[in-house]
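Here subunit A shows up in two complexes: once beside subunit B, once beside subunit C.
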Partner chain A sequence: MAHHEPEQLTETQLKYLRTERTKEMRIQMISFGLMIFLTFIAFALVALELDKNFIVPIVIGLAFIQVALQFYYFMHMKDKGHDFAKLLILTGLYFAIAFVVCFIMIVWIGNPI
Partner chain B sequence: MAQVKGKKAGFGAVLWDYLTTVDHKKIAILYLIAGGFFFALGGIEAMLIRAQLAIPNNDFLSAGLFNEVITMHGTTMIFLAAMPLLFAFMNAVVPLQIGARDVAFPFLNSLGVWLFIFGGIFLNLSWFLGGAPDAGWTSYASLSIASPGHGIDFYAVGLQIAGAGTLISGINFATTIITMRAPGMTYMRMPLFTWTTLVAAILIVFAFPPLTIGVFLMIFDRMFGSNFFIVEAGGNTIIWEHLFWIFGHPEVYILILPAFGMFSEIFSVFSRKRLFGYSAMVFATVLIGFFGFMVWAHHMFTVGLGPTANAIFALATMAIAVPTGIKIFNWIATIWGGSIEFTTPMLYALAFIPSFVMGGVTGIMQAAAPADYQYHDSYFIVAHFHYVIVGGVVFALLAGLHFYWPIMTGTMLSEKLGKLEMVIFFIGFHCTFLIQHWLGLWGMPRRVFTYLDGQGYNAANMISSIGAALMAVAVIILLINIIKTLVKNEKVGRDPWGDGRTLEWSLPIPAPYYNFAQTPLIRGIDVLALEKEEGDGTIPSAGPVEPIHMPNNSFIPFMISLGLFIAGFGALYFASGKPWAIDAVADLPVRPWALYVLIAGLAITFISMGVRSWKDDLGYYITKEELEADLRELEARERGAN
Partner chain C sequence: MAEMRYNVPNDQWPVHPEKATLEGRNKFVGFWTFLAGETVLFASLFATYLALKDQVPSQDHLVAAELYHLELAFVMTMFLLTSSLTSVFAVYHMRNNNFGKMQLWLGITVLLGAGFLALEIYEFVEYVSIGHTFRSSAFGSAFYFLIGTHGFHVIVGLIWITLLIIRNANRGLSVYTAAKVNTASLYWHFIDVVWVFIFTIVYLLGVL
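Entry: the complex of A and B
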């Protein structure tokens, strides 16, 4: 493999890089705030002692939003060059959900359907 | 190797080289030797089974020993023979097909092969240490928790070690194919064997974790006092069946897809035509891989999932026949109008089409859930899966062995003996398994050690056993062929079949240890055929001769695997005679040393991993001068040969 020397950046490139990084940082902060807020909602729902059948689906829904935010903004799945990783993660998620649903339906509940 | 060029390396040096190698071409040889050895073991077990069943009321094998033999036959053939042999061809061919210098993680590649070898040895040591596993290769928990002695423990721990190696190799190949393709080698220009390897590697990544979990639960239940499958304590044995088949069904596609890939290459080379419907073939491969995960419960129709669940899984199963049918028609269209050459690999490929279709048709019959209640646990099932696995995978392995032998060893197997072997194997295979369809429909159950006289099974079983003997004769002919070829050692040159179409045939034989002196430039699909038609038959380079960065050899993978092998014995004997142990091992003598062996083994593994992590190994460079000298020498050699 050839060695890659660090290239000298021009003024414009440097400026562009800086704006990109600022933008990235802003997105990270926004999504971090959003995730704290989602967590707060989940805790609040439980603390208010609302009906169980009401809380569980909402918290699971919030969890999915959390996972998506994690993957896309913190783990850089939104960036270029992650197509294959995205495809595999989503396929894996689909399989995993299918298996869990199956285990709940035909092993845990156990009534033949 | 450049380092030992010109002098004969001693046996010790060669052995050390193979123990520490990270070169994918040498790892391929390791997989081939180890996989071939286990294939022979599994074959001997098959012969024992057929000898026992040849005549009614036979007492050649006792009932218990028969159970051990069938279990070890299935487990060995699937995990220790078919998969490693496929890995041998993937290692030998895939990096060359995509224009890579090696796989993405050479160290992990070596770790994968050593984990498999140690796992396989561990499993087979059960024969000498108190009896082999006897609950069938599926090892259903209701049987395996009750099985007395340590047999099942050998199955669980051995598969865990070998399975870790397979998972590592799967990750390695997926990464290699996604990231290490030469310039111009787009996804839709990849040869079909590379495509099927990619899909199979992804299937391994998704399918092996459920097996790992299932086997871990089994290990915890049998060796450490947990209750996942123990019904009296609130466990559920059906969980094992689901986990096993969530792995087990994709597993058969992990086996058959690379086989499809190899046949696609063979059809197009020996028909002198581009593969018909390339993009449809790729699409079908991906679709089969995807559907493969949605059908596992068709192995469990009689468990009592209920009619709706059965109907869903029946429908999904039948859907898989569509992409498979697309493939069959594309292969036929590839041969159609081609300039066909009947070499040994091509004969296997031609025999594969009708044989595999027969296995596929019985598969659809079983996919119909109500009908499956009749076939379940009968010889019909045995006939079906041997038709797809022998008629598909084993035919591909034998065809691939003849086809890729020059790339792996630099010599050519005798075509005369090869064709003889093919004909005998083909006849033996159909003789053994065709009649078993009827045996099943007549009511003979599978996994029984004998049957009574006068039930009408005598003649059919005898025919089946004669067929099995014929297959053994064919394998012996293959062995003679291999030994003769290796002793003669007549080296062949570039593109020995004369019609190579893909990048691996463009390399000199034997390929240099860095594969490509210059990175190749890929101008289209079937790149070598393209350059033969439009250019001078040489692959253009994508860049100048540059120093190449290479990984150093390492003994650490061997040590990591050895540590797990030793730890396995500690885990295995841990529960012996303990008061909390399951009934199966509670009466055995206590082994006070088991815990220390477990700790010592794990210590070896983790210390080896630590050495790998903390001691930098930056590899080395092959200089430009060395590369140019090699190129000059190669040119002189090839001019001399012409």
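Entry: the complex of A and C
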């Protein structure tokens, strides 16, 4: 197997890599801040005891945003070479949503068709 | 084998150490496949929980809205979310070939995870003492199975990362150990992903 990684990095390359990683770290910190913020909003909405029909979709939406941040930034799914990971996780999510919707339909809504 | 050298100088450390070897790349694809399977496992538990939520045999059994404490769920969320960030720090230092700091942040991740686990055990003990047990109702079974499976994953993650810290303490960083740390960190993030849905669907929507 051909190895494309350079055996020895020059001083400039090292410096460049360090800056790139620091930049990425800053983005990670921002996404962490966002996650904390979204968590606060979700808990606050529920604690305020607003209308249920208003809160439920928002809180579930916030959860999906948080999970996307977690996958794309913390688990590096935004980086190159993650196509297979994306395919797998999306397939997993497809089944996950299908299971949940199916059970809620059968048990709580009943005879949908 | 040049690939197996430990504690190489910075200018010889690969850009993506966790994927520098064939084993590392295989581990990466294999682990994402495993995580997709885990997604489906937790989905079936979530579906079961949602189907059986508040299904209790009689009026004297407690239901979700009377059981859950939002404050506790909030503190647990903060513990796990922060531990997710500290494992990002660990991977950052791993890529920068900084073994000491990587070990330090992995250690902090374990401590935060242990804090989360302690709170979860406290919560379970509390619920059992007021009569909400695994066998008390269908709701109880579904609740403990879902949260318990997640808690089991936390225990596995804690043992895994602790073993990595101990095992690597004397030998340091190589492309071989880097792949291991990266995989453990992915697992830890996934535990947090599942928890995001648990605190939303079980706790937040449970008290409504």
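Just so it is clear, the second predicted complex is superposed on the first by the 102 of 113 C-alpha atoms of A that agree within 3 Å, B and C clash if a C-alpha of one lies under 4 Å from a C-alpha of the other, contacts with A are read in each partner's own complex, and residues count from 1 in each chain.
Definition applied: contacts are C-beta pairs under 8 Å (C-beta built on N, C-alpha and C of every residue); 3 or more make two chains touch, one makes a residue touch a chain.
Bear in mind that the values here come from a model prediction, so they are computed numbers and not experimental data.
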Residues of subunit A touched, compared between subunit B and subunit C (which is higher): C
Partner chain(s) touched by A:106 [first = subunit B, second = subunit C, both, neither]: both
Contacts of A:84 with subunit B and subunit C, given as first, second, both or neither: both
Partner chain(s) touched by A:95 [first = subunit B, second = subunit C, both, neither]: both
Touching partner for A:56 - first (subunit B), second (subunit C), both, neither: second
Touched partner set for A:17, first subunit B, second subunit C, both or neither: second
Set of subunit A residues, in rising order, touched by both subunit B and subunit C: 1, 84, 88, 91-92, 95, 99, 102-103, 106-107
Sites on subunit A touched by subunit B in the complex: 1-2, 84, 88, 91-92, 95, 98-99, 102-103, 105-107, 111-113
Contact set on subunit C toward subunit A in their complex: 10-16, 19-20, 22, 28-29, 32-33, 35-40, 42-44, 46-48, 50-51, 70, 73-74, 77-78, 81, 84-85, 88, 92, 95-96, 186, 189-190, 192-193, 196-197, 199-201, 204-205, 207-208
Subunit A contact footprint on subunit B (complex, rising order): 178, 202, 205-206, 210, 236, 238-239, 242, 246, 290, 293-294, 297, 304-309, 546-549
Residues on subunit A engaged by subunit C in the complex (per definition of touch): 1, 5, 7-11, 14, 17-18, 21, 24-25, 28-29, 32, 35-36, 39, 42-43, 46-47, 52, 55-56, 59-60, 62-63, 66-67, 70-71, 74-75, 81, 84-85, 88-89, 91-93, 95-97, 99-100, 102-104, 106-108
